[in-house]
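The block underneath contains the structure these notes are about, expressed in structure tokens.
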Amino acid sequence: QTGDSTDNINLTISAAASLKNAMEELTPMYQEANKGQTLTFNYGGSGDLQKQIENGAPADVFISAAQKQMDALEQEGLLAGGTREDLLKNNLVLIVPQGNTEITTIEDLGTDKAVQVALGEPSAVPAGQYAEEALTNLNLLDSVKAKAVYGKDVTQVLTYVENGEVDAGLVYETDAKSVPDKVAIVSKVPESSYKTVIYPMAVLKDSTQLDAAKNFESFLKSDEAKVVFEKYGFEPL
Amino acid sequence: MAEGYSPLLISLKTAILATAVTVVLGILAARLVIRLPEKAQWLTDGILTLPLVLPPTVIGFFLLMIFGKNSPLGQALLQLGIRVVFSWSGAVIAAIVVSFPLMYRTTKAAFEQMDQNLIDAGRTLGLSERYIFWRIRVPVSLPGIGAGMVLAFARAIGEFGATLMIAGNIPGKTQTVPLIIYTATAAGDMHLAMQWVAVIVAISLLSIGGMNIWLARQERKAGGA
Amino acid sequence: MAEGYSPLLISLKTAILATAVTVVLGILAARLVIRLPEKAQWLTDGILTLPLVLPPTVIGFFLLMIFGKNSPLGQALLQLGIRVVFSWSGAVIAAIVVSFPLMYRTTKAAFEQMDQNLIDAGRTLGLSERYIFWRIRVPVSLPGIGAGMVLAFARAIGEFGATLMIAGNIPGKTQTVPLIIYTATAAGDMHLAMQWVAVIVAISLLSIGGMNIWLARQERKAGGA
Amino acid sequence: MSILVDIEKQFKGFNLKVQFESGEGVNGLLGASGSGKSMTLRCIAGIEKPDKGRIIVDGVTYFDAEKKINLSPQKRNAGYLFQNYALFPNMTVRQNITAGMKKGAECTQKILQQMLERFQINELENRYPAQLSGGQQQRVALARIFARSPKVLMLDEPFSALDTFLKWELQCEVSKILKDYEGTTLFVSHSRDEVFAICECVAVINDGKIDRFGALRNVFADPMSISATKLTGCKNISRIIPLQDHCFEAVDWGCVLCSDVSLSKDITHAGIRAHFFEPTEHPGENTIQIEIENVIESQFKVSVLFKPYGKEVNRPLCWDFERVHFGKEPGREFPQYLKISPQNIILMKG
Amino acid sequence: MSILVDIEKQFKGFNLKVQFESGEGVNGLLGASGSGKSMTLRCIAGIEKPDKGRIIVDGVTYFDAEKKINLSPQKRNAGYLFQNYALFPNMTVRQNITAGMKKGAECTQKILQQMLERFQINELENRYPAQLSGGQQQRVALARIFARSPKVLMLDEPFSALDTFLKWELQCEVSKILKDYEGTTLFVSHSRDEVFAICECVAVINDGKIDRFGALRNVFADPMSISATKLTGCKNISRIIPLQDHCFEAVDWGCVLCSDVSLSKDITHAGIRAHFFEPTEHPGENTIQIEIENVIESQFKVSVLFKPYGKEVNRPLCWDFERVHFGKEPGREFPQYLKISPQNIILMKG
């Protein structure tokens, strides 16, 4: 199964959509260093990516935005043994529309200062799951739930905040940094209040280009890649 | 089905109201456009069909721009105490926008297929253009209008991307069946998702069936034979 | 527009092929259904309209179940070297499925609105049902069929949820304009997203305009006057 | 060739119950507006399905309710000229005419040319129906039917939209074609002259029922029913009270007249065709002294409305005669008496 | 009331160029199939727009190409009976009839009842057009037009789908209505008798152009053009070569005949109506010795096709005469000569 020939290698990577900007910067770097190899990305929600892989999508590498999907694939035996690694960490931050100075701490979400709060749909959006966990642990959930608006993805949460439709929102730091002019980051959500957000990656069992895929994994772990990830707000592990 | 039946009720209410509005708007739009010179129609057609082409999320985004806090219209509405964003009215508006092209285009085609002689006869009988339109053109075009209605209703019931954006996904308020399906699917709860899919399938079979029967009766009433 | 023009080409190729298939399928389906007793039609109509009601993601999910490697069909196709998941054919299939109800329902309405006398005349002239259908019913119903085509094409061009699911979002291969809009939005690159929105608006204006002109010419050829 | 029709069909407010049998030749179908002529043809063509009965053409059962046979229109090979033509709007005149013809390149062309000439539509070959006048459409529809030589030919008022001259020419053409034609023809017409010129047998249909069926001459000479009498063009009809012998009192005209045959009991009405009065200056048998009420002059004809002298009648009688010199002003002398010969009195059953 | 029409309109393959002016009364429009009758009416009704010219009714300009006036059909108040009826399929007979009437509860009901009775459609009040026979549809269309008393009434073959008896009755009804009617009526008909019974003036239209316009009697007595002669029902037409005085050689008949007026130079054809021959047993002026080719007998009429004795002709002449006794078998004696009086010869310009 691992009969890689050195040239004409084309890796398909199913990656969480939030990685798109970073990956676009990394791709030429990798292809420069590994002549003859090309990278193809398939971006989507982690849950969708998981379902595609389960149904035979021909991907070589999977980078999920949460452990849950990776766990599922591992249990189903779809990962190549020993290739799963944690790649990145992301942080949950509290954001407000640019110019809003009322809200200064996460506790303000429980007060009248916040009339409506945008969150990711907890069952669908990983960021929403973590946000709920954090709010629970901070004893804010009951008061926030009544004013919560759930977005189907992080982008939607961002859009609401950008447009001032809500007074605050909880998103990943990386998402907040993708629109620096429009939203202001008030603070990181206390790390102790939620399980660390890990982006795991793994090579898939059905990959016919195991070596190249592993090589790509190690490239993502390299120092030059770390610089790029940091630039987009990730915390490389 | 932890959420109980409210998504079902919200979906039905939204779709019914939206379809009603769309039907009227679609008929009026078709009426305006068929009077334009043929040369101008490609542009109006292109523009009025846009909501079908654009991804619903993009439509939702535009709606947010139009009705949001930062827009003059949104501001004005807020002054009047009307909030479209995150409210049921937002869901209705989203459903109207996405279903409009279906109603409009189908109705227009039905109008075009009609026997021009009947219109001419109406005119020489001194009937006003309005009367000719509502009492002759519309009834005679009923199969086409009915098809448009069915499509619009189906689209409104299934609408999800734009609704989510402008109306939010607020359980008991704006969470429609497609939204709950989406949420469940995304969460990997296929069991719940499929339950709601079954509900939506049932709704559409029943409602489309009902509409078909109603339309057939109207036509029989109107068309004789 | 780092991706260059390929999303545009992919979108156009996909939508054109899908529309072609949908037009044929829609016409055939309408043909079958209008022959059924009226009582049976509410069911077929309901079922054939389902793809419009279901959220595209759910459709994509079902398609994945049908064409994925875990299904017998998917297995069989794989044996033949055909892979639907993550391939362009998947995008085409998704577009066909979502646009089908529009073509079907509009065409059926046009068929129903037609003068039954012409069909009867064809029959007494000994013309085969096939000839009557293709050479009389279809040409006479051209306004309706054209409307269906325009709607189907628009829907195919705008399709996104189901495509994402079954064909993936692979630049240069399955990434259509709506997908790049989605990806750009998801990555917060509103500028890029709006550029592509402009592209899709332009496509649809041009193509719908073109179709209108083509249809008008066909009708003029066919309908006299 | 033979045709047997024995069908029933119910509508809300109208019942069709038609029964006749005929051999080769041209059968006229006379009937008032709304009496069921078109419906009968539609049943034979297979467009409408009767509720009961059967239709057998040349030994082939087209329809039999009991045996559950219902041949498709295509298999019936019945040429039906629709009252409203039903031309295909998307086809040119040529395409319309050739559509129904069996394939076969050469012959198709020849027949097409023949039809175009026969029906005088040569120059319209490439037009679409929407670009034709009413009469032109009717001729194209005729050409379309004749182009495929069907087994049963059903013409529903084939000349109604044509001017006199053209009608006369086409009537000649069609009657020539029909002479050589081996199938059965059913010919619906409102014009007695047309029926007379073309048909051999006539069926008279009244309110959905066949009132009278027989050879043309017999039906016209002795229509027997009131509806048939009216449809064959008799303008003067009166209720009667039979007297002794061959005579009767015409109630509506207030006079006594005699026939040359004896009156059976079921005779209730008598009729006199407006052409059959003979002017005379002397009283006599079957002779009425007249009092003129009105004179209507038309191109070749004068209609005199009169009543028996000194009587009150519900409705005047009508005497038509031909004028030989056109343009002579009225003011002529009319006779004092009109005579009707006994063999020209039509007797009818109510 | 007055009407002035002076319009032109071009089609591919057909040019309409119609010009006439008339006062109150009923104007017949006679013309062969495809000659432009319906098109003219459509232009007046405002359904088609002429390319040039003007239409003025009762002082109101309906259309004037130069002044860019083009009144909407609604404002023209012209009642146009469509050749194909154009009933609204979604309305009942009652609704169809009342649709065009000005509002006003009581009166509407009264007029409706009157129309239903006049056109004998009382029982069909609640039917939809699809449930009516051809003739019933035509009557509903007539009722719909008459119900709103328009200023110009345009009837396009109003009785074409009716049986003889009903046609006769409705013709009486319509001519009664038209007598009291204050507007102008344009009446398209293919039936000379109908035109004769109803119209005061006649316009003859030939290939898009008005050939002849004048009082009914004048046009029929002296049609002047070939097309008008044909349309007024003359079956015998021949090219002529003028000789001295009032006489000419009839080229197609191979004989010499004389008229009672002198022949102007532009006379190229002569015609003899088939009814106007008089049988005689002696030779004489305008008398032809005949050789019978064929005898066609119809209900009340005998047509004898003959040629001058011993001559070869392209087309036989036709002599029609009325039969007074129906049912007499043929085999009668025909005369040896036919005479035609000079004043009954029609002279035409090519």
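So that you can tell them apart, the chains are marked A, B, C, D and E in the order they are listed, and the count of residues begins at 1 in each.
By definition in this document, a contact is a pair of C-beta atoms (placed from the backbone, for glycine too) under 8 Å apart; a residue touches a chain by one contact, two chains touch by 3 or more.
Chain by chain, the UniProt names read as follows: B, C = Molybdenum transport system permease; D, E = ATP-binding cassette domain-containing protein.
Here the structure is a predicted model, which means the values were calculated and not measured.
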{"item": "Touching both chain B and chain C (chains)", "value": "A"}
{"item": "Topological distance between chain A and chain D, in contact steps", "value": "2"}
{"item": "Greatest separation from chain D - chain, by CA centre", "value": "A"}
{"item": "Distance from chain E to chain A - Cα centre to Cα centre, in angstrom", "value": "88"}
{"item": "Distance between chain centroids, defined by C-alpha means - chain A, chain B (Å)", "value": "36"}
{"item": "Inter-centroid spacing, chain E versus chain C (mean Cα positions, whole Å)", "value": "56"}
{"item": "Touching two or more other chains - residues of chain C", "value": "57, 61, 185"}
{"item": "Residues of chain E engaged with two or more neighbouring chains", "value": "84, 127, 131"}
{"item": "Set of chain A residues in contact with two or more other chains", "value": "48"}
{"item": "Which pairs of chains touch, using the document's own definition", "value": "A-B, A-C, B-C, B-E, C-D, D-E"}
{"item": "Complex interface listing, chain B residues touching chain C", "value": "38, 41-43, 45-47, 49-50, 52-55, 57-58, 61, 101-102, 105-106, 108-110, 112-114, 141, 143-144, 146-148, 150-151, 154-155, 157-158, 160-161, 178, 181-182, 185, 193, 197, 200-201, 203-206, 208-210, 212-213, 216"}
{"item": "Chain E to chain D touching residues, read off their complex", "value": "11, 13, 30-39, 83-84, 123, 127, 131-136, 138-139, 156-157, 160-168, 190-193, 196-197, 217, 220-221, 230-233, 235, 273, 275-276, 278, 296, 298-301, 321-322, 324-327, 341, 343-344"}
{"item": "Chain A-touching residues of chain B, taken from the complex the two chains share", "value": "57, 61, 64-65, 68-70, 85-86, 164-165, 168-170, 179, 182-189"}
{"item": "In the complex with chain B, residue positions of chain A that touch it", "value": "45, 47-48, 50, 68, 72, 116, 121, 123-125, 148-152, 156, 159, 163-165"}
{"item": "Contact set on chain C toward chain D in their complex", "value": "115, 117-118, 120-129, 135-136, 139-140, 222-225"}
